[in-house]
Structure formats: structure tokens, C-alpha cells
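There are two complexes below, and they share chain A, which is joined by chain B in the first and by chain C in the second.
Up next, the complex of A and B:
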């Protein structure tokens, strides 16, 4: 059981002062094995905070990020799954499933995690999984109205990944879960 | 005894004095333990006699020790009831006696007493403890002209702690203490003594901790006056303390005049103070400071649209004084705060015809335009471009075609003239394409102009692969899936 935290678009301090207190109390160091972040942190303090939660931190560059050294895309393998990470502002039209699928094929990954739209999404598409963890702070977005703070926790176990999405709605944390199984057709040679 | 005898016997005398002191102290202690000494006896007989002896001995070491002893050994309730008598002894003591320490001790003891036994609070009111202490301190400070500033401030810190514990609801008392402190400080230049500075920081932090709502502290008229006596770096430290208090308690500050007061207190962070050098501060620290201010802007909010607009104007006024170093940190926060208001105004049901509504999206876009333009002095073209595009999208959602077009024009100007780095250009052009793709408000002519411009720039990127990527992204500009969009297969 490998826990991977996926989050992004915090936009601290431009659009939000901090993560919601309820999220902060849930995110405790030592419980998570990997963190993948879609980008737009935007400042070093947030980077340090995430690093304190888990040393294995992967970040891709968002268009407002202070640190220009983050890569545009990143791929990593966790267990049996290949994960791809990209902020998403590079993929036009923003949030378009077909265009994201193009990116997924390009990166050759099973699970593609992108952000930018600040709207949580998770679905199977053409043999892979596309996940958008939304904005962890509920930051303003030109694309999405009424953004609820959200993040995603993936539990990777063999050929199965359970995606838990945590959303802060009206002050309460609501959890939902989605199951994905890697089938034989998805296995890459 | 201290005055007798030659100097070489001073040490021997000192030892003897100490022994005598311990003896007297022990006696006092025993006295306090005697059951028969109740409050009345203490008040009528015991205390006046002891005080008489203390004053008459005219030995400053002994006086200090004995006063201290009296305060320690007798119960706090007794002190409360005999406050007048006790305090009246102080002016009669020798000039060298460290009265302020004794006074501070007494106040601290009574503060703790009040904190642990809230049921005695009415007694404090009855004996008018605050007034008595205030006067006593005033007299001591007047009498001891040479008292260093740190001594006076320490006294006021003790009095303030006392006031906050005993009379937390009496803001006027708190303000009075601060006022007295200002009076003592006036005539001096800004404080250089680090101990005094520390005490002032303690003085100013105490109300913040007590009243977790900063807004209460903002009502203390003497608060900013005390702050004026701090040197520049401490002013900044204090400003950060204030901001941290707001963030920790997630205090929302909701009217523009309170915000004015707040910005007056934190002015050390907002702009360069007189005499302060621009590059005085370490880079990292400066960033942290400014990020704190940026975060603070999100705590300034009011659900009422008119008030929120006033708030935005107030904030804009202040941050525009910050200079090129600060703007890249503070401007984005203001811009997004304003865009949130635009969205709320959008959601409103229709306009009331005939009424002059000051808060309109158009007005806010004007403010936004001004604010983003200020970034040109930094210069910060990439950030400005992104902010213009955000505004363009917002204008699109408000059906304000000319405003949206204007924002795009500004974005293009920045792209043409300021963004030269090839990597930056790639990101910028993709942002422009992405934004333009979502625009549904432009008429055919406007859309054509913008689309052709964008495609043109895409083709001119430095490297061929980047050109290709950008141009095929542009293909989305010629085909929109909206129901009432333009489906122009020919293009």
C-alpha cells in the first residue's frame, strides 16, 4: 500500500492565504510516501511545507510559480503504475479531455495528473486515468466558478489504485473514492 | 549601619547587613503566619508600624528588601485592601531604592491573583486598584527623573498586564496606560536601547494576545503613537507580529477605516520609511515579509459590495506606495481579490434602473488596469501579462467586449515589447492562446484580429518544434464548440 498525495494550484499568497485548517490537520508528516504537485504553489514557503510532509516531492511548473526550475512535465513509476505530471496550462483547450489524452500518450503513462482548471476530475479515458486534484486552497480560477478546496490521495496497491478525493464543502471535509484496476490491455511492454 | 565605619570594613559590614536582613525577613515571615493577624489587625496595626520602621531606617538596601518581603509574605487580599497605605509609602523611601521593581512585583502578584481567582475582580473595582497604581507609577516616574526609559516602560508593561487581567473590557484603561507611556517617551528620539525596545514590543504584543481580535487593538488610539518610537527594523518586526496575530486567529477585517488604521500600523512593511535604505534587508526575509502582506490582503473582506470596493481602493492606495521591489508581491493579491468581487457582482440579479450603483465591474476593471500598469515600473512584464489575461477572461464573463479587448491589447504590447526570452515567450503565447480560446464575447472582426496576431506570433517563435506546437494550438481558435459559437469549417 503506497500512499501518493496529489494536489496543486494552491496559489499562496496570490489568491489564498493558506491551506484550509481542516486540510492542514489531516496532512500529517510521515503518513504519505510520495507527493505529486501539479504546480502554482507559488512560493518557497509552500514548497518547504510540502517537503516537510514527505521528502519525495515532485512538482511541475505552473505559470505563477516563483521557482522557474520546476520542469514542464514529469514522469515517475510507483509500483506497477507510470504516473505523468503536468500543470496543464500548456494544454489548450484547458481541461479538454482529448487534448489531455494526447499528452498522456505522449508521456506514455497510465495515470496523468494535471491541474490549472481548479476543478476536481477523475475518469478513465482510453485505457488510462486522468486526474485533476483541483485547488487545495479553493483559489480563484477564471475557468471554474465556486471552487471548493480539494486534493487527492491515491492508494496504489499492485495493479489496483484507489483514488480518494477530499473536498471541503461548506466547512466540512467530504471524501469520495474511485477504484481503478490496471487491466492486461493497459500493461505496457 | 551602611553609613558607619571606614571603607575596608565595608565587606564585613555588608555581611552583617545581610544577616540582619535575613533576620528581619524571617520575623516578618513569622508575623504573617500568626493566626491572630487578620485583615483588620494587619490594616490598622501591623502594616502601618512596619512601614514606619522601613521608612525610618533610611537604608536603601534594607528598604528595598523589606518592601519586597512585605509583598511576598502577606496574602494578596491584604495587599488589595491596604493598597492606598502601601503605595503611599513609596514616595517616602530613599531615592536610590529600586521602587519600580517592587511596584512591578506587586502588580504582577495582583495580576496573577486576579487571573487565578476571578471572583475577587469586583474587589479590585471597589478599591479602585487601577487608578491607585496609575497614580503611583506617575508619581514615581516624576520623582525619579533619571530613571532610564527601559525602567519606565517595564513599569507600564506590568501595569498593562494588570489592566488586561483585571479590567479586560476597559479599553479606555488600556489606552490610558499606552498614553502615559507615550508621554514618558515623548521628547526622545526613536529608541536605540534594545532592552527598552524589547519592553515596548512586549507592551504592544500584550493587547494582541489578550484580545485575539486585532480590530480591538486598532481601537486603541495610543497604540500607533507608541509604535512611532520604535526604530525601523523593530517597527517591521511589530508589524509582522500584528499580521501573524491576524492570520493565526483568521480575523477578517471588514471596513475600510479599520484597514486604514491597520495599514498605518504596518507601514514599515508597506513602504520605505524615512531614512530606511532600500537594500537593508536580507532577500529571503524581505520575501517573507512581503508574502505576509500578500496573505494579509486576503483577510480584508466584506460581503457588502460597496464596502468591499472601498476596501480595494484603500489597499490599492497603500500598496502602490510600495515601490518596484514590493509590487510583484502585493499586486497579484489585490488583483485576485478584486476579480473575486467582480464575480460576485456578476452573480447579482439585474441592475436597478435609475440608481447610481458605485460598485460595478467596469469600475473595478479600471482599478485593475491601473494596478497592473504599475508593474511596468518594476518591470514585471510576464506577471503583468498573466494578470491582463485573467482580467480579459473576467471581462468576457461580464459581457464587456471593449474592456476585454483592451486587456488583450495590453497583453500583446507586453508580449511584443517586453518578453524577449524564448522560454518565456512560449509560455506566454500558450497562455494567450488558452485564454483567447475561451473568449466568446468578441465579434468577428475583433476575434479575427486577435487570432491572426496570435497565430502570427506563434509562427515566429524561436525554435521550429515550438512554432509547430503553438500553431496547432492556435487551430483551436478557429473552431469553437459553443452552441452559439462560430463553427467555421472553412478555416
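Up next, the complex of A and C:
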């Protein structure tokens, strides 16, 4: 039972001041084992805050990140799953599922986590699953102003993943969940 | 004259039974006439045991004489004699036990009497059975044993399932039982993954009272504490370094803490659990040894039920908490050995909470070596007066046994002595504890 927090596109301080208070009250240290962040934090203070939630932090570089040392892509293995991380502004057209599938095959991962569009998405194709946790602060994107703050918490348990989606809609936190298993086609990789 | 005698040492304390040096004959003074008549001729180094002048009740006589015989045998230090006498007594006791245990309906009184004499060690495997009977885990009718054991062991398995799973596993089982087959279709379809609503705030970051996740994280602190303590239990013994045994101890303590929300887990419970588990796991009967964990759990519950109040913080100052137990110890000492009591409590101000706290809450597991401790537990569990009272009497006996050194020492020396209690002859100790009987 491994809890992995996936979030990104906070754009602090340029487009948003901070995470919504309701999100912050839920995110307490000690519960989460890993954090994967798609990028665009943008400042060191956000990095330090995330580090205080969980020491195992993975970040990839977004186009507005002030720390230039983050990598463009990252892969890691948690339990039975290989996860890939990339901000997503590199993949054109932005948010296009086929292009992202191509990136996923290149990285050879079961779950690809990307951002940039600031819209939550969970999509399955033959190569695996693509998850976009959206923007944790609800910052406006290059495409639209209408953004609900959202992030994702994955519970990886053996060959099964339960994805909990936390969204702030009209001031209330709504939680949904998505359930999927690693299938035979995915197991070939 | 008479009133001064009340402060004097009771004469049975001055008998040569447990002091190495013969007692100094009292100087001729008007108060000395009532004291210790048996001390007037200083006894030769190897005397026949003098009978106590006060006629003791019959139970005590039976226990006292056989204990003294064993004590004498050990004290005289003649190895050949000692071994043969000791071995003969052990064999005799073993056959007594086997007789008592083979009856269709066990006579508990008889068993208790034998247990107070000390359960023989060795591979006869009598001790696990005796302890299970004394703690009430097994009923007295022989015929009901298989049924009871079966029932209790399956109950323990149910507890394991209920309390030891993490929330992911629990939710998965719950869903499986509701036959949510629709989920299977997801594995083959391509496209946006369907979202389902989360009910009852059942998500990992929830703070809801009924949320499985919330309860899990709140209890994780206790679980971590149990983990740490289990790893530190008796590190010198290979039995407790084995991973499987540590896992068993861990499971027992976690289940106990979940079932008893008033006490949860207190540091030290692992020490009380250790001898129980050791004895049951080393049962020569393989079917018993395999289910040692389940048996230990129920016996642990039974044993702690008498002592639970000592562990409750908010009961500390009440009639039943640890403070009242300590004051009972103090009162017992005062009644039997006023001189020592006065020296401890008034002159040197060595109060029971400085030394007896650990003695009582850990049932003497940390004061003696492991094997000695198991022997003392034979008496604690076997005594008809009950574990609480017996333990208090044994603690008082421990004080009386080192009274010379205590009377000679100041605060620091006495605390030092009592917190690192010197190894002593257990039979002497238990004999003195016996003498203090009937004073509650």
C-alpha cells in the first residue's frame, strides 16, 4: 500500500498565491510515501513545502520553473509499476493523447504523468495509462482561464492502482476514484 | 516492655534460615527478653532446620517444609548431595504434576498448591499446560479441551483478519464481496477511464471519524511504538531475535491494543508478554507450539485483566491504580517489618514509586534473569490469592530479604540496590512471601 501524490502547475507566485486552504489542510506529512510533480512550481519555497510533506520528491522541469536543474523527463519504479514524469509542454500538440502515448512508449512506462494543460485527465491506451493531475492551485493555463484546482493521489497495491482525484469545485473538495489493474498487454513491457 | 517489642524485628526473621552469618545475640537489656529466643545459642554452621515457634496454618506448613527442604539442599552447597536431592525432588514433583493433570476433571486447588512449589523444567512440557489451566484458558474438564482450543484459535484468526489489514486490502475485500464485476471490463477498453464517486469520505487524506484511512493513520503511531519495543525485547536471547517470533509478538500486541481502547499499548507490555510466549512456543507438543500465538494472546488478555488498572493513566490516583498498589506494598512492609519501613520511608525517604513501579508493572520480568522470572511466575500464577496480591507480597519479601543492606544504606545506596536487585535464592524469597500471607 504505497501512497503517491501527483500534482503540478502551481505557478506560485506568478499566477497563484498558494494552494487552496482546503487542500493544504488535507496534505499533512506522514501519510504519503512519494511525491511526483509535473513542474511549474515555480519557486524554491514550493519545493521546500513539498519536501516537508514527504522526503521522496521527484520533479521535472516546466517552462516557467526558476530552478534550471530539474530534468526534462524522469522515470521511477514504485512497487510493480513503472511511472514516467514529464511536464508536457515539450509534447506538441499540447495535451494530444496520441502524442503522449508516443512519449509513453519512448519512456517505456506503465503510467505517464504529465501536466501543462491544467485539466485533469486519466486516459487508457494499449501502451498504458496517462494521468494529468491538473493544476493544484487552479492557475490559468496558456489555453483557458477556467481551471478547477485539482491533484491526484495514487494508492499502489501490488498490481492494482486506485487513483483518488481531488478537485475543488465551487469551494468544496470533491473526491472521485478510478480503479485499474496492470493487464497482460502492459505486463509485456 | 511489651510496647517496645512491637518495633522489634519479628523473631522468624532472625532465624538462620536466610542469613549467612548467625545473628548476634541480643545484649542483656530489659527489652531483649522477648526477642528471638532461637538466637540465644548461636547455631553451628550446618544446623538441622529449626522449626518456627509459631504454629503456621497447614497450607503454609506443607509449602514451607518442602521449600525449606529444597532451600536447605541448595544452600548447603555440597554438590553431589545437592544434585541428587534436587533431582529426586524434581522427579517427585513431576510425577505429582502428571498425576494431577491426568485426571478427568482437574482439581484446581491441588494444581495451585503444586504450582506454588514450582513447576519442574525440562522437556516434560508440563509448564505450558499448567499455565493455561491456571489462567483459565483451558476449562477444568479434560474432555472440553480440543473444542475450546479450536474455538479460541479460530477466533484469533478472525481477529487477525479484522485488525491487521491495511485500508487498501480491506476496501478491496469489501468490494470483492459486493461482486462489483463491472470493473473487470475496464481492463480491455481503451479511452477515458471512468470515474466513480467516493462514498463516506473513504479516501486516504480523509479526516472523517468513520474513515478506515483516518483510523489507520491514527493507530500508526501505536504500531510504530510496538515495532520498536518488540525489536528491543530480550536482545540477548536468540529466541527473541528470530523474525517469526518478533512478528508474532507484534501481532499479539497490535490486536490487544485495538481490542482494548482504554489501555491501548503501554511500553512494558512487551516484557510481560515475552515469558508467556516463550513458554508456550517451547511446548514439546508440536500442535500446541504451532498455535502458540493464539494461546498466548488469550492468556495475555487474562493475565493483564488483573493488572489493567495499573496501566491506565487516569486511574493512577484512584483506588485501583498504581499508586494504591504501591501504598499497599508500603502498608504490608509496615505491618511486618516496622523498623525497615521506618528506615525506608521516613529516614531515607526511599518511597516505593522509585523502585517498585517497575517491579509491579512489569511483573518482575526485569529484576531477575529470564529463567528465574519464569519460576517466580509459577508462584504468581498459582497462588490462590490472585496475581495482584501475590506480586505485592513477593515485592515485600524482596525488601525484607535485603533488609540488612537497606538498614545500613542511605538514599543513594538503597535506590541503587533496589533498582539493580541482587540475584537471590528464589525459594527463600517465595518462602518469605508465603509468611506474609493473610495480611490484606
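Please note the rule applied: the second predicted complex is superposed on the first by the 184 of 189 C-alpha atoms of A that agree within 3 Å, B and C clash if a C-alpha of one lies under 4 Å from a C-alpha of the other, contacts with A are read in each partner's own complex, and residues count from 1 in each chain.
Keep in mind that, in the parts below, a residue touches a chain if its C-beta (ideal position, glycine included) is under 8 Å from a C-beta of that chain, and two chains touch if they have at least 3 such contacts.
Quick caveat, the model's predicted, so the values are computed rather than measured.
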| item | value |
| --- | --- |
| Fit or clash - chain C, chain B, common chain A | fit |
| Included angle at chain A between vectors to chain C and chain B, based on C-alpha centres and rounded to the nearest 10 degrees | 90 |
| Of chain C and chain B, partner touching more chain A residues | C |
| Which of chain B and chain C A:17 touches, first, second, both or neither | first |
| Contacts of A:153 with chain B and chain C, given as first, second, both or neither | second |
| Touched partner set for A:123, first chain B, second chain C, both or neither | second |
| Touching partner for A:162 - first (chain B), second (chain C), both, neither | second |
| Touching partner for A:49 - first (chain B), second (chain C), both, neither | neither |
| Smallest separation in angstrom, by C-alpha atoms, between chain B and chain C in the superposition | 19 |
| Residues of chain A contacting chain B in one complex and chain C in the other | none |
| Chain B-touching residues of chain A, taken from the complex the two chains share | 11-18, 21, 43-45, 63-64, 89-90, 92-94, 139-140, 142-143, 145 |
| Residues of chain A that touch chain C when the two form their complex | 1, 3, 26-28, 30-31, 121-126, 129, 153, 155, 157, 160, 162-166, 175-181, 183 |
| Chain B to chain A touching residues, read off their complex | 247, 250, 287-288, 291-292, 294-296, 298-299, 329, 332-333, 336, 339-340, 343, 383, 386, 390, 393-394, 427, 430-431, 433-435, 437-438, 473, 476 |
| Contacting residues of chain C [partner chain A, same complex] | 166-169, 171-172, 183, 186-198, 201, 203-205, 207, 217, 220 |
